[in-house]
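Consider the two complexes below, in which subunit A is the common component and subunit B and subunit C are the respective partners.
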Partner chain A sequence: MSSASGLRIIDLRLNVAATGNDIVDGVNLTIKKGRVLGLVGESGSGKTTVGLAVLSHARRGVEVAHGQIFCGDTEVLGLDAEAKRKIRGELVSYVPQDPASSLNPALRIGLQLIEVLEAHDFGGSHEARKARIKEMMTEVLLPGDDEYLERYPHQLSGGQQQRVGLAMAFACRPSVIVLDEPTTGLDVSTQEHVLKTIRQLTRDHGVAALYITHDLAVIADLADDVAVMYSGRVVEQGEVAEIFKNPAHPYTRHLVAAAPDIAGKKAIIGLAGRAQSPGKRPVGCAFAPRCELVEDACRVEFPAMVSVSTRHDAACIKATQVASVIVSSAKPESTRKIGEPVIEVSAVSAGYSGDTVVHDVSLTIRKGECLALVGESGSGKTTVSRAIGGLHREWTGSIRLNGRELKTMARQRAVADRLAIQYVFQNPYGSLNPRRTVGDSIVRPLVIDGKSKDDARRAVLEVLDKVSLPGSYANKYPDQLSGGERQRIAIARALVSEPEVLVCDEVTSALDVLVQAAIVDLLSDLRRQLGLAMLFVTHNLPLVRSIADEVAVMSEGRIVEVGPSESVIGNPQQQYTQSLILATPSIERSMR
Partner chain B sequence: MSEVLQSTDQFVDERPPSLIRQAFKLRRTQIGAGLSLMLICVALIGPFVAPFGSTEYVEMPNTLSVPGTVFGTDYFGQDVLSRFLFGGRAILILAVLATSIGITLGTTLGLTAAYLRGRADEVIMRALDVVLSFPQVLLSLVVISMFGPSNVLIICTVGLSTTPRIARIIRGAAISVVERDFISAAEALGESRRRVVFAEVLPNVTSSLLVEMNLRLTYSVGLIASLAFLGFTPEPNAANWGLMIQENRVALTEQPWGVILPTVALALMTIGTGLIGDGFSRVSAGIDRGGKGE
Partner chain C sequence: MKASILRFVLKRIALGLLTLFVVSLLIFAVTQALPADPAEAILGREATPEALAELRAEFGLDKPIVAQYTNWLTGVLSGDLGTSYATSTPIGEYIGPRVSASFFLLLIAAVGSIPLSIVIGANAALRRDHKFDTTSSLVSLILAAMPEFVVGTILTIIFSTTIWQLLPAVTYLEVGAPPWSDVKGLTLPVLTLLISVTPYVSRVMRAAMVEVLESDYIEMARLKGMNERTVLWRHAMPNAVGPAFQVIALNLAYLAGGVIIVERLFNFPGIGSALADAVRSRDLPVIQFLALIIAGVYVLTNLLADVGTVLVTPRLRTRLK
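Entry: the complex of A and B
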């Protein structure tokens, strides 16, 4: 074959070794040299499995059933162990998600970089290798001097660590590179730099890059082509602009509809159900159970890829018609009644063991209003929210609930005050006690309130209904639920005591985009119905546009800009906010 | 979004079986449980089926073939089998009670230290380190030789000297649980500290607790038998496996049964509880899950 194609994956299938169930099947992808292919899909869709297969690696318990992967002209799946070791890093390299755990914390970065070169005998002499490292460091926009190379990973920031990871991946001039969510843990401004570096390096060196992510906006910003995975199958692939402007597969349409965008206010729309795990997947199109266009033919066999346009294929029997279907949308623009201030935070400073990290923060949240508190990691937004919830010990200033001064810690506050402010945590996997049925978790606030058993049981059923879960869920344990369901339970627990204020701390960051859209939708509905005052803490700026009335931008412990979300995001006044918004990737902006 | 979860039931996953049930699928746990159960039966039912009394004179001392006895008589002319059947109960009950004290105190202190952190953690753990620095046997010997061997004293010293070991393990297991959000959620509701510790944290450290409980029970049986061997029993001529070994070892060549029976019983007992503990620890560490799954 011509070596114009950097990476070709042909009919790849990987199984669970013990059961023979498919994890991914029928994957065909081609990436030309110098191009970036974005592989998107929700967690569990098999995108990382494909990425690792390109390195001829399968996780424990996973085996390659059939298929071929060509990196340049080399077929990598058939290689023996020694040959595999040789191609990794030299022909194909990998950038993992979390730079903090992929760099050895005990070794200086210079040593770790030179190890890669030595392992592949790159450069011949020590001096040549040193020169190559300097060159690489310059290319990833880091200082290449000896002092810098003497540093340990913990002396670098997250973005710098990830760029060292990139330098390591590009060190031996591979022809294929697999990037597995390399910017997921990074702040937007850091992410922007890393994405720029990736784009530059792949173009300059003619590398075929497979970029795995769940973030559509990043793909729109970075990639040339995109492949969408669902339940272990590629359901749609083609050029980025084609797919985002004119998605043909119903799943892709839902993904695009669910993704919030910084460039425009849009109602994000979720989708019912969830993808099945290997072995439980339905016969035929895996998306059929969730698809509104489903017909009997969909359940017979997996639909073949059909060409939608010259550079755009989709695996849907209705691929050419789907474009005419509109994902149900258009919720009536709410006429929200914003009422009296419920929470007034004035001049709050907070810290950890003596170090002040939040300085003089003042906020007001009114009845029925959603205030988004946004900022990068370490900006102090969670500390503020924890102070309001009575979970932070060291703070000064004043927080008032309906004009009443609140005590520092929840335990010192009156029962009514505690129940009036409810907190929903970031990670639904950690916020429910795994040893307790969810019904028992939900009922606690009522027990503390002194409600009778019958009243409490009735209230639990009612609140489960409010979060769109059946009453039978009360008897389940958290490990029987999906992430989205757990977050619904966490919201139900917060709502059961009929609070006035809901503090949501990054409640969607652990969830897939379709689930995120559903949760945001639920929160908006509940706020409207119950007239809740809501503090929505997030680092996700695009989401703010879809949920919040007001937004407060935090940086380094101070609020730098407050105002109605449309005007702050649409027309930011402060330089910090402007740079933050500019750094946030956007589908709409990229498509213009 | 009301139709969000219309078809929920199809994807509810099976809940994995409990730790205890998983552990008992392992052969080692089954064997351990069988051995322990057998010895517990001997110790508890023994006194009711013994042909002679525990201190009844039967025949000349150290005689092997005595009509009506299976293993002959011991150094004092008492029936070996009857002494053996009587001799397990004391050890078993003392060991169980001592371990219970150790578990209760150790768990409480460990959980408290993990939950409160800071100064309380330091004070509790350093105090326990002082106790830990004495070897368990030595500590028990010193206390018991000072105050004389009473059952209460034996239970207390063995139990208290077990406490720091349990506390350390429980604190270690609890520290990661305490950091999780459901603890913060309970605090935000203003749950009492006692409830947070015992209702929220404790159920999440049960696997460590089960493993440690078995291990400590094993050691306590050994320790109490050793104390008896050294003569520390409340009654000088009580039927007690540890004491039996000590009494009959001088006549080992003429009357081996007086030593063999209690030795084998103690060995099987500790092997049994040890195997159960090993089964629990393997399951809780995720070893021996059968190699299936994804």
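Entry: the complex of A and C
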């Protein structure tokens, strides 16, 4: 084989060991040395399974059914246990998603770095290895002195931990590297630095990099090529520019349409339905049940890859016509009626056991208006939203609802005030009681309010309809629902007490982009129909353009800039906002 | 760094002493303040009021309760533990050898059971759902369900009476003689204690290990090419023993109490049999001192466990100021 080819995956299939159902199938990918291939897809599409297979590793309950993977000239799947151990870290290395949980909390980072070199007899002597570690630490822009290397992982920040992960991965000069969402969970400015380091290292050392992510903008920014996975199959692959400008598979087209972008105002569009888990996937094209272009032939067998252009293939029988058929147009921009102020926050400071983390914050949210509160982690945005919701104890200043002063904690507030402000939490998996049907969860506030059973039941059906779920969902338990459905239930639970204000705390950050787009769409509709005032707390700047009328940018507990979202994002005045926006990857900006 | 750990240990010792002080109050209140009359217990129902009063005066039982407590406490603190009512010997002389015999028993049981449970638990976790795991789980569940006296009796039936006559059913140990002078007699009590502690601790160890082995950092260690031995001993073990320490400590402390039944069963001359005798004869000074010793074992093992957990957990260790 040619030496220019760093990684080749040929006809790879992995099964659920217990049932023999395919998790991924028919995966063919090639990455040349020095290039980055972005592997995108929603959660459950099999991207991590493919990534781990490159290291000849399958998680508990997963087995390789067939296929070959060449890292350089070595086929890795057929190796015995000792040979596998040898190539891991040396020929092919891995950068995990969550650096905090992937570094051993009981071991010093210096030991965790040097043991990779020792395990592969790299460098020959202890001194040579120590020198190599210093060199690597410099490359990932961390101090390499002994004091630093003696630290434990918890003594580093998230970004520093991920750089240690990168140093570890590049330490033995591997020819292939698998990066599994290495920047998810990092703030944008940290992410920017980490991405820059990855780009630098792969280019400089001629490494073939497989970059797994669900974030299209990161791919546009970083990768040379992209492969899109859906239900365990690669449905489209090719050069980044080709695919983002002219997606040939209907699924890719929807993905791109659903991704918010910092560089342009865009109505993001969701898509109903969801990908099925292994064993329940339909015969033929797995996307067929959600596809507008579906025809009988799609349901017979998985469509072959067809060439759309020289560097662009798609697995769709209508690949060459897709562009002309699906027109991603938004609903007409409706005029929003913005009314009187509902929530007035003035001079609020808040803290935790004496330490003030929010300083002198003032905000106004009007009827029918969505205010986005954005900032990096630790900026105090959630603390502000919790103070408004009456979930935070330590705050001073004044928060008024329709001109009435609110008490500190929700339980001190009048029932009407409590019902008027409703909170939707970040994690739909943790915020619904798993032992109650969703109907019971939704009806709870009404029961407390003393409504009759019939009234309550009617109200549940009504709110389920508002969040576009059928009434039969009232009898389901949370674990029978997908993430998006759970978040709809959480919103329904908030709506049932007919609130005036909805506080949404990172409500889409646990969701895939198509689901995120659908939830954002739902929230916009609700705001229009019910005249809700909405506080949308997020770290996701691109999303702000698609949902919010006004935006307030927070940094270190203070509001640094506030104004209409179009002007703040499009033409930021403060240096902090400018740097945030510049650090945020963007498809549009990358394609220019 | 080192100084901070020392400060933490000293603080915990001070807290332990405070605990012991409170315990001593409780012990004294429960034993001395109860209406049961040691003088009557010793002299019998037929004793004349004069004789009873004389004996009470000799024991100091006619003084106010607070004075009795301070007398007792200053005695204990200055090494004068008082005199046994029943045997009229100084308590130090009477209890000393028994305490060291029991501690020896405890020590062997601990030294045997801790590594044994760690090895069994870790291996069960490594071979999850395979034969070793299912068998050891079943066996340990059965053993954990049996009280010590049943285990002891079964062992006696197997090794000394009905099946084989290999080992003595009782320990023939002179009070004061070193416990290791009767190895044969020591075997069954030690084995009984081992069997009553190991199953529980190894199950806890297995659970802790399973959780650690499923963690991201273990997968990462394998993905960077560490061999299985390094993965197990360097990466997994330090994270699994922290939680196990707490359970081991509770079990050792439990042994200090559980040893009573086992000593009784094998007629082992330790604190267990001494305590049982003392309770029967209302020998208050002996009961009080032994209760204090057992409380001391609880405090000490928990202190060791807390310090051990902090030492193997960098996140806790570096937080010390």
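Criterion: the second predicted complex is superposed on the first by the 590 of 592 C-alpha atoms of A that agree within 3 Å, B and C clash if a C-alpha of one lies under 4 Å from a C-alpha of the other, contacts with A are read in each partner's own complex, and residues count from 1 in each chain.
We adopt the following convention: contacts are C-beta pairs under 8 Å (C-beta built on N, C-alpha and C of every residue); 3 or more make two chains touch, one makes a residue touch a chain.
Given the structure is predicted, the values throughout are model-derived calculations rather than measurements.
Undergrad: Using the overlay on subunit A, decide if subunit B and subunit C clash or can fit next to each other.
TA: With subunit A aligned, subunit B clears subunit C, so fit.
Undergrad: With both complexes superposed on chain A, which partner does A:155 reach: first (subunit B), second (subunit C), both or neither?
TA: Second partner only.
Undergrad: On the A-aligned overlay, A:102 touches which partner chain: subunit B = first, subunit C = second, or both, or neither?
TA: second
Undergrad: When the shared chain A is used to line up the two structures, what angle, as a multiple of 10 degrees, is there at the CA centre of subunit A toward subunit B and subunit C?
TA: 30
Undergrad: Which one hits more subunit A residues, subunit B or subunit C?
TA: Comparing touch counts on subunit A for subunit B and subunit C gives B.
Undergrad: Name the contact category of A:418: first (subunit B only), second (subunit C only), both, or neither.
TA: first
Undergrad: Please indicate which partner A:50 is in contact with in the superposed arrangement: first for subunit B, second for subunit C, both, or neither.
TA: In the superposition, A:50 touches no partner, neither subunit B nor subunit C.
Undergrad: Quick one: classify A:525 as touching subunit B (first), subunit C (second), both or neither.
TA: first
Undergrad: Quick one: is A:493 in contact with subunit B, with subunit C, with both, or with neither? Answer first, second, both or neither.
TA: First partner only, subunit B.
Undergrad: Touch check for A:85: first (subunit B), second (subunit C), both, or neither?
TA: The second partner, subunit C, only.
Undergrad: Using only CA atoms and the superposition described at the top, report the least gap between subunit B and subunit C in Å.
TA: Minimum over all C-alpha pairs: 6 Å.
Undergrad: Which of the residues in subunit B end up touching subunit A in this complex?
TA: That would be residues 1-8, 11-13, 15-16, 180-182, 184-191, 200, 203-204, 206, 291-294 of subunit B.
Undergrad: Okay, in this complex, where on subunit C does subunit A touch?
TA: 215-217, 219-227, 230, 234-235, 238-239, 312-315, 318
Undergrad: For subunit A, which residues are in contact with subunit C within the complex?
TA: 52, 55, 57, 59, 85-90, 93-94, 96, 98, 101-108, 115-116, 119-120, 152, 154-155, 168
Undergrad: Can you check the complex and tell me which residues of subunit A touch subunit B?
TA: 16, 18-19, 23, 61, 270, 272-274, 276-278, 280, 289, 389-391, 410-411, 413, 415, 418-419, 421-423, 425-427, 430-436, 441, 444-445, 448, 468-470, 473, 476-477, 479-480, 482, 485, 490, 493, 518, 521-522, 525
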